[in-house]
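Next come two complexes built around subunit A: one with subunit B, the other with subunit C.
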Partner chain A sequence: MIPEREPKLLFAGPMGAGKTTAIRAISDLPPVSTEAANIDVAQHSKAETTVGMDYGETQLDDGSRLRLYGLPGQSRFDFMWKILTQGAMGLILLIDNSREDAVQQMDVYLDAFESLARTSSVVIGVGRLNEGSAQISDYNTALEKRGLQLPVFGVDVRQRNDVLLLLETLLHQIEAFEWVSQ
Partner chain B sequence: MKSSTLTDALGADYIALCSAALARLMTDVPSIQAAVVATADGFEVTSAQTNGQLAASRLSALASSLLALGQAALRELAMNGSGSILIENEMGKIMLIDVRRNQIPVVLCVVADGDAITGKVLWAAKQCAADLALSPN
Partner chain C sequence: MFYASTTQAPALSLACLGLDDRVEASLKSLLGLLKGKMHLAWKCVENFDADVIVYNPGSLLAQALLRREEKSASGHVFIPCSDEDPGQEGLCLPLRAERLLHCLEAAASKVVNPSATTFSGQANLCERLDALLQTKTIIAVEILVGQSSGILNPTRKMILWSQAIDADAVAQIVSSEVSLRPLYIADLNALRGIEHKLAEHLSWDATLWAIGIGTSRGRLLSRLDADQSYRLTRWPDFGLIGRRSSDLKCTALLTHKSMTPRELVAATGFSESRINGFLNACALCGLLEQAQPASSTATARAKISSEGFFSGGVLQRIRRALALGSHNA
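The block that comes next holds the complex of A and B.
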């Protein structure tokens, strides 16, 4: 197996941001999921939540096969974050804009995945853009404050094409960073 | 998460049942050093331990992830149903059991010392899991 041809990519972000949904939307095979009954309804009202990981695969037109890992959103599962980050080439950070603290949430996850963010191997997908007060420019401002230049898109991760946009942008980012640092 | 949320979800009677089941387990098998009941989404319900060094909330989250991964592997091979996991080395054993209930599912995590007899721990843990599957009277 040539890792570059089968990159490992991560989906991270807070509970309910759509990580499992995104992998379901894009995976060529029925994804592996580890959902359990959610009792923390104060945090999010959804019935089930990922407690281990999601796993899916998708093949791009150029023949490369992407291995997609969805991380549990809650920080109590941060041991899974550490395990799954090993060998990962990049990360799609999904944010739920309907949360009041949406922009701060981005910071929390950029802190946690700092090594990937530092190598520009992160793309940000903002969901439910119309259901919150923050605009894309607010996310860009927050990124600038951190000295980062990362692409931010408004997305609906139920749509395969939106997820594909995030993945293709991420691969371009990774490639561009490698090229610049050579 | 507030502990009142946990009580609302599981019921105070069921939490008391869990505590009693763990106390019985610890008494019956002295080589068991600790036991934790957690919700399937990784919150500690109750725990018992002999030496007070265990971070029960961390172990709760780990137990729920490991069992969910085990379940995913079983499903992948069409071996449906609840599962259990044994992790061991010379220092000790960790036994994880999925407790299927009609209500909110829970998981049991049992930690035993290195000298413990695996079969004995396994049997006692499964008995305890059966107790946890009951509803409070």
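The block that comes next holds the complex of A and C.
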């Protein structure tokens, strides 16, 4: 059983957005993945994909761990999203801008994780920004329509610093929300 | 030995670039201890026009500014500071007072042209550019920096430049040797001609942010008021701007609650100078809007604290584990 005080961080996004790569960038251990041959080539052409979830962790200085969960990208596994969302401190949402429906994909995930979005516990990283037609402003406009003001950054999750940017921003968001809610 | 001349000559300015917060604090503390023991007085500033810049050799912006200095020889002195001993011309961590004194005395002798410290009576680049961008009759601003040039088009939030975007280009822009030429509606054909020659797109947010942070000289833009509440309309793209912990913290606060500059200083514990630079950058990028004062007492409280989350400061533990919170350049 996970101790209540051990924080849990989620990584979500469509197939190929870089969730496993992002977890690998900050996990102390090689992430435990449940990779399988990708039979859903209509969504993404990569050979393998995460069908269960990824798991990694970062040791904290009080002996506890920051638990990192990568949620499966295929929508048929979305029943797991609600299970893993319970007790999560926040969500890093990764979007693949090379997809034609990239902005709509963000909406799908924000619908699913609305409770986290409403408490400012979501940051959005947009990968392959130059490979798609959508701009960061398009994502901001979509957020504005939902009445949300979340951080959206163009990132390359192969760069550890970009993953740290997302995580550090999430921590500031959580802190600010808690501060103004007191 | 103590020198009486420190009260007669203007103070030399010193800025830190890319250093860990703790190193920066240690340097400032040592500088205080050395007060009166050097030929000239020193003051810490937070812009890159300082007489002397103490920099982390791993900082890309520092490397770019250094290369620019090598080309232009504008009189700024750069002092490397790292874990590995960079030699007598640099500072080795942990900092020692004797080495710092030696380096600063050597740097002071190299500052042959103190004009950088006499600029305070004039508008800085941030103020000049902001004034032009706020003038409704201006359709674009041409920027001339040495052999290169660019166009800022505020309507399309677009910056076209004559060469590819890199840290060098930004470093040139944030230098004080920039000429600005406003273009009016009558210059529309000229603007099209200029834009046709410029091929490289620079990020609007990243470029203006660099100008706001780098050239504000700690002064709030004249159109901003220290007692007026402001809020941010959206997050800028820090993926392009770069990770600067203080900017992330301030942005998170101002997207959640409207605050005056003074309240933001109190909430974050950052210096007024740093907050002013941040707000100027937001204003230049068009992200800042006036707001009604917050009704709750939250902004009147003391500094924001991470100790409340999960009743045990878990945010701080995560920050320590991943060395977050020390990126300031």
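One rule holds for everything that comes next: the second predicted complex is superposed on the first by the 169 of 182 C-alpha atoms of A that agree within 3 Å, B and C clash if a C-alpha of one lies under 4 Å from a C-alpha of the other, contacts with A are read in each partner's own complex, and residues count from 1 in each chain.
Simple rule for what comes next: a contact is a pair of C-beta atoms (placed from the backbone, for glycine too) under 8 Å apart; a residue touches a chain by one contact, two chains touch by 3 or more.
The structure presented is a predicted model; accordingly, all values stated were derived computationally and were not measured.
Once both complexes are superposed on subunit A, the partners subunit B and subunit C fit side by side without clashing.
By the touch criterion stated above, A:121 is placed in contact with neither subunit B nor subunit C.
When the two complexes are overlaid on their common chain A, residue A:182 makes contact with subunit C while staying clear of subunit B.
In the superposition on chain A, A:53 makes contact with subunit B only, while subunit C stays out of contact range.
With both structures placed on the common chain, the touch criterion links A:33 to subunit B but leaves subunit C unconnected. Of the two partner chains, subunit C is the only one touched by A:150; subunit B is not. Once the two complexes are overlaid on the shared chain, A:72 sits against subunit B while remaining clear of subunit C. Greater residue coverage of subunit A by touch, when subunit B is weighed against subunit C, goes to C.
In the superposed model, A:85 makes contact with neither subunit B nor subunit C.
Note on the superposed arrangement: subunit B and subunit C approach each other to a least C-alpha distance of 24 Å. Interface residues of subunit B facing subunit A in the complex, by the touch rule stated above, are 1-2, 5-6, 9-10, 39-43, 57-58, 61-62, 64-66, 68-69, 71-72, 76, 104-105.
Per the touch definition, subunit A reaches subunit C in the complex via residues 5, 7, 26, 58-62, 64, 66, 89, 120, 125-126, 129, 136, 140, 144, 149-155, 161-162, 164-165, 167-169, 171-180, 182. The part of subunit A that touches subunit B in the complex is made up of residues 32-43, 49, 51-53, 72, 74, 76-77, 79-80. Of all the residues in subunit C, the ones that touch subunit A in their complex are 232, 234-235, 237-240, 243, 245, 248-249, 251-253, 255-257, 267, 296, 298, 301, 304-306, 308-310, 312, 314-315, 317-322, 324-325, 327.
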